[in-house]
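Only one structure is covered here, and it is reproduced in the block below.
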């Protein structure tokens, strides 16, 4: 098991949309958005099984999500976290004076974190904002 | 109860009653002009000043999808034009001002009725939302009919009663005021990147010509007896040599007689004629054909026109003539916005700089003024800039100055970079006519009100009419260009329906403004109902049940009812 | 007994479907069924019926718990917060009606706020690009009736705008398109293979972040210029030529584009290039370009701000007149600079959709979140004001992604005693006027 570097993008999925409209505080939303979609090749490099929790770290933050096989792939070298608080913990807030953060194309490292949990929405928010205990 | 007012001792110009600068009092009570008021009436001293009815704008692009696209895509138009006032809503913009500034600026100039010149029916709701947010001035909007698939099919099949029923329906569901035609047939052709260059050039796939569209809608308009005539921007706008197309268009009116109960005498209004009066066959030999155009207009009483005067500013052109705007962006390479609307129209926007250093721009400037000065009947010739196409409406006072003061005009003419060439291409330098204050009142008040079928309501000062009144600090003794411009830019007092809205050149009140629309009753027509339902099902992207503009978009409607059943 | 309401507008995405059929209980208090909506839209309608819905304002306490307060208290708190702030940020506006947005503008003028909508993190760069180079466009009905060439660039409608392809762009038969999808050629540009690209005639799997290069290469290829290098932005050169020919050979084409271009490196310049490609193609055939707007009324917010202030988003009113410079007055940069001293959020969820640094700043400001539901934003704001659900429990005007306005409908009563956002804003505005006059 070792860390890998990868290019992270975020975006919509229909599961994210449905879960979002059903209530972001609910577990369905965590299951839809607290994930990272990765390519088989990248799973091999990382050396973990599918559906393992991983810690994603960028220059902007760090978050635990569950690594799953890409549902819309292949896309080696690109990882995908559906738009939402998990993705936004690590995406680049750099706007290059346009006002628009760089939600797509943040360099991140991914490390296995089988013992850490994917936080529920509200806990994640409070932890991120106020450092409240996990 | 509204306040009573008496405006004392002004020089009154009212073509409606034939009053030519007589010193008299104007009385206002209950929102109307009255012959006398009680002793409680507030007095306004207009000694040495000019008193006219509130002016009537017959053609300007002030509300709706393309106007707002213009605002949103030109942040540069706001540069140095936004200022904090604290009393009124925030204002901004020059050629495409915000709705608040639009209402305030018209009111400051003494305009009290403003017609939006082109409303795509699918976007009618947007137009009405903006009208609602444009303070003070009464407004109506002209839905575009000249590229509408229903109209094409009914006209092609000579189904007159169906055309009439469809017009009645569309005016009602869009809360529209009059029939607007923009590049008839050509804007539909633009759906395929094509155009109709002349009035007999057939529309691709629809087997109909612009001439047939104009003639058909003109007939329908008179059969229905609508307040306004058809309001036309014909084919071939802006091209050298297009005056022939314009004359071909005018000839379609020969023998057609007006039919209405509103005192309207024309069957055809042609808008921004300046853009349609060009000779030559390229930009090198581009020249004025204002004489040819006005000679036809002067002889045919069933036509009215507005000028479309170039003001020599940086502005934003916008029209439902989609192919023209594409043509323009190819010429000036400035940013191009286009919007084609399913089954109804196209439209486009391009910024434009009318530079006094460019020969063609200066000739365009001259043509607009020539048309006005060659007009024999000011009651049929109205001053516009086709705002914002030839220049912003806030430049009207400058246009008045050029029309009313030959010296002022000639100073401008003689200081162009290419003055000699402009003189060769136009006759402006040889015209010494100066429009009088009375004629100005005809061209900005009584005339447009009559053409719109509102002659008993606005544009005049006869007792019983709406008390829309403007007081300007000027009189016939000092009509130099600079003074004209100053006085008409900022009225001393303006009344809208009897409410003092401008006092000492400042906005002081924002009473509820009205939305004019026309409700025509026609016999029930099942065929048209079926056709509408079918086309919505198959071709529109919106359900029929969501198309009609509901009443809350026009919270203060003024519905003109016409019985054609 | 039940009632059926047709022609219902879906308040989810910018596709603004207006053909939903909703069944409600006879007394109009319960929403029972939704037909014709996509999975997301249906969920949105049904969520209004959730048994655990919050129906009264809640104030966050020191210990992290929330205490219910009255609407009157919420109005007072919101009015005081905005009136006292030097530079409040009023953010959101994309999931509400134009009527409510309009009241928001009045408040923003009164208090000298920065008023911004979700374009800030969505199609803001598109709006900037349109300011740079214009936009040749058309309504979605034109696409349905005429289009035979479709490009989806950096967007995935199968997931984000689920009914777009069936209603407007790929499958419908229109006036000149009687054969439906058979006569339409589809190009999808996406760094991933997606459920949309699986439908494509050509999938250009662009290297992530290299859209600008590919767009400019396509422009060159359309003009018949020679391209150098075998692989361009991750795409074989031959495929670029093939795509250019396909586009030119159509009679009417449309580019739809989404976050893949607006949020990737290059930002507004990507869209400049996409728009210029569209303009270039008009030399050969007819071409339009349409932004795949996200929230159902983000377009409307841009329109309202446009006619009232002249700018479509990120409008700074703090100096008494409207200023606009998204890289400075936009919500993201404003929060990063810690320049706002209070925030009001309505009709959006920046807690879920802003980068964490900005979310953290919101959490540390005096804050109000006005939203029908519990959201990440509501949970980090000092006050959460639940309101009736626009498009479900109260009507109001909305603008589709092609700027077509559609008046949304009320189909069911809100829970008893709940205010609409427009009512709440009006009350706040009135109170602010009083505070300012005092």
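First chain written, first letter: the chains are A, B and C, and each begins at residue 1.
Simple rule for what comes next: a residue touches a chain if its C-beta (ideal position, glycine included) is under 8 Å from a C-beta of that chain, and two chains touch if they have at least 3 such contacts.
Small disclaimer: the values here were computed from a predicted structure and weren't measured.
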Chain occupying the most central position, where position means C-alpha average: C
Chain separated most widely from chain C, comparing mean CA positions: B
Separation of mean Cα positions, chain B and chain A [Å, integer]: 57
Rounded Å distance, chain A centre to chain C centre (Cα mean): 22
Distance from the mean Cα position of chain C to that of chain B, given in whole angstrom: 35
Chain A to chain C touching residues, read off their complex: 7, 9, 11-14, 17-18, 20-25, 60-61, 70, 72-75, 78, 80, 83-85, 88-93, 95-105, 121-122, 125-126, 128-130, 132
Footprint of chain A on chain C - complex, ascending: 12, 39-41, 43-44, 46-47, 50, 64, 120-121, 124-125, 128, 156, 158-160, 162, 191-195, 208-209, 259-260, 262-265, 267-268, 314, 326-333, 336, 349, 351-360, 363-364, 373-376, 379-380
Chain C-touching residues of chain B, taken from the complex the two chains share: 63, 65, 67-69, 71-75, 77-78, 82-84, 86, 89-93, 96-100, 122-123, 125-126, 129-130, 133, 149, 191-193, 205, 326, 329, 334-343, 349-350, 538-546, 550, 553
Residues of chain C touching chain B in the complex: 6-7, 9, 18-19, 98, 102, 109, 127, 130-142, 144-146, 167-168, 173-176, 251-252, 279, 282, 285-286, 288, 302-304, 306-312, 317, 319-324, 397, 399, 403-407
